[in-house]
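Naming follows writing order (A, B, C and D), and every chain is counted from residue 1.
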Amino acid sequence: MKVLVIAGSLRTASFNRKLAKLAAAHLREKGHEVDELDLRQVEMPIYDGDLESASGLPDGAKAFRARIAAAQAIFLASPEYNNGVPGGMKNAIDWASRGADQPLKGKVIALGGASPGAYGTTRALSAWRMIFRLVEAFVIPPELALPLASKAFDEHGAFVEDRPKKQLGNLLDELVRVASALSSAS
Amino acid sequence: MKVLVIAGSLRTASFNRKLAKLAAAHLREKGHEVDELDLRQVEMPIYDGDLESASGLPDGAKAFRARIAAAQAIFLASPEYNNGVPGGMKNAIDWASRGADQPLKGKVIALGGASPGAYGTTRALSAWRMIFRLVEAFVIPPELALPLASKAFDEHGAFVEDRPKKQLGNLLDELVRVASALSSAS
Amino acid sequence: MKVLVIAGSLRTASFNRKLAKLAAAHLREKGHEVDELDLRQVEMPIYDGDLESASGLPDGAKAFRARIAAAQAIFLASPEYNNGVPGGMKNAIDWASRGADQPLKGKVIALGGASPGAYGTTRALSAWRMIFRLVEAFVIPPELALPLASKAFDEHGAFVEDRPKKQLGNLLDELVRVASALSSAS
Amino acid sequence: MKVLVIAGSLRTASFNRKLAKLAAAHLREKGHEVDELDLRQVEMPIYDGDLESASGLPDGAKAFRARIAAAQAIFLASPEYNNGVPGGMKNAIDWASRGADQPLKGKVIALGGASPGAYGTTRALSAWRMIFRLVEAFVIPPELALPLASKAFDEHGAFVEDRPKKQLGNLLDELVRVASALSSAS
């Protein structure tokens, strides 16, 4: 199965890039094809309906849509900014959702997030669920919201403890199971 | 009182620009000073922690913060994109919230929104409440979520019906009442 | 397929009982077995951990769990009380979720709701999504939040307009499709 | 000032009863009058519109409303059940909100919660914010969501660490400040 893995933060040393890396590694170990998406690869302006009317989707949005369309499932590692989703990542979804053949429809998604604070992005992940529902993507029930992230990764980017490693593995295995079940049924 | 009125959409013909215009007019009639903010005036890149570390806040974010700081209260007319807040407007808040003296703290906010659909941005306004709470702004309980917006405004941008006009007026009067009460008490 | 249809309101003339009736009728027409659950049939006290420790689950909760367990999919027609889920229906879920073999795990759910107001229970349905996620149930992305419900049903309880009838039918067909796909894959 | 302190759980050994006790103690130390409400004192049936039509509000709901009406501010210590508000506590609010002179309107509220899990009731508190907004109560922005509660209290019910003690004190002082500012202004 082809899985798109997205790190929802631009910062190079972001905890969510680390989480995305570990997710990609687990999926590859299990024999899946992984497309690792860095938001810098699909740079796009702030969504503007006038711009869309004048010149259609910007190139970054087109590229983002194509990579979504090519995958059967998505893992998003999202930071939480101010109790909500990161504006930049949401902006990418806003562009991607425009047009009739929007590629998120029917896509199966698993959510993760890591934050230095106590609640581990749990509120951003809840906000993502509402958003992805509207574009008719299926977010699977479990998620990984990792608190106190500054102590969670070692210097090589691996998890210090076994528990999140197992949780991430289970989450991704369930993602693949659900995506596989839904695609074979449609 | 000085009130910052923000239209959360970039599109020129946006319903939320109309709503912001009507809010500004009501506030001026009541003798308040209004600063009408168009997001195009405070253009800024997607939030990026590396960029912030290297060169601090971009000029657009500085200008946005200054205009927030100069106001006693805020009215935000926000569209709803995909069941959530518009990524671009959220990105502006993400930048504005950076740094120790973030200007949203203690600010009193009223929320409105207009959409062509059935639910009138009510879910975006709920998401905004969670976000503004975290930056310690006070969002007042009432809000104006205007459904079926394509029939709500006449060709001069006025409300076709009396009801939303009264609701908007009441909402703004309550905004001023609360902002005034809280500022005199601090 | 066996589908549990729940009306989340106790009131006899509730719009959500009407919605549940119409859902049950559609499912039967499509050849499915339907269990129509009236919350009065599974009366239970307010959840109380001391009561649970002393005497386990009350009979109403046991009966509710058994009916959940016996179904492959669930349609819930929920009213919205004060911007959230009805306390009584939530109380039933709180009891049902207790214990190791909680029957909501893996269950596929579709959500509907009807209200006399402008927003049609959309905020209650969002709250239900967060709740069902935690008990590892799979709520499908589409939902039916029917505003202005006092004009939506005729004197026989049928929809006055075609549009909600089609929406409800599509929602239930999708429920069955997803439940069927996920059960055959596990 | 008279403050109503509510423990949102029925269980005798509940963490939220402990939190409510500590809140009451802080408020008394600061010279305020405290009404400590145990939900067992205001027992009421599940909300049922037919029951309301036939016999009005049950006695428990009337008593609950009277105690809300007599207070200037409220502190609610709420558990989180299944990612949401406890059904029983929500049921009490559903009854209290019925009728024209509903006593929550304009009331100032602070939210706290303690849970044994990692996220400390933060999602239940978000759900409460949406609910209290609709009844036009004013929930102050800060809140205390205390994770890992089984290690947070000593055998006398005091906080083991200083940090939550300070956070609770600050939260309650802010509650009083805001309630005082808003009441003197109206």
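As a convention for this text, contacts are C-beta pairs under 8 Å (C-beta built on N, C-alpha and C of every residue); 3 or more make two chains touch, one makes a residue touch a chain.
Nothing here was measured: the structure is a model prediction, and the numbers come from that model.
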Chain separated most widely from chain C, comparing mean CA positions: B
Pair sharing more residue contacts (C-beta pairs) when A-D is set against C-D: C-D
Averaged-CA centre spacing for the pair chain D and chain C, given as whole angstrom: 28
Centroid distance [mean C-alpha coordinates] between chain D and chain A, Å: 36
Residues of chain A engaged with two or more neighbouring chains: 123, 126, 130, 133-134
Touch list for chain B against partner chain A, complex: 9-12, 14, 39, 43, 46-51, 81-94, 97, 123, 127, 130-131, 133-135
Residues of chain C that touch chain B when the two form their complex: 118-120, 122-123, 126, 145, 147
Complex interface listing, chain A residues touching chain C: 126, 129-130, 132-134, 136-138, 140-143, 177-178, 180-182, 184-186
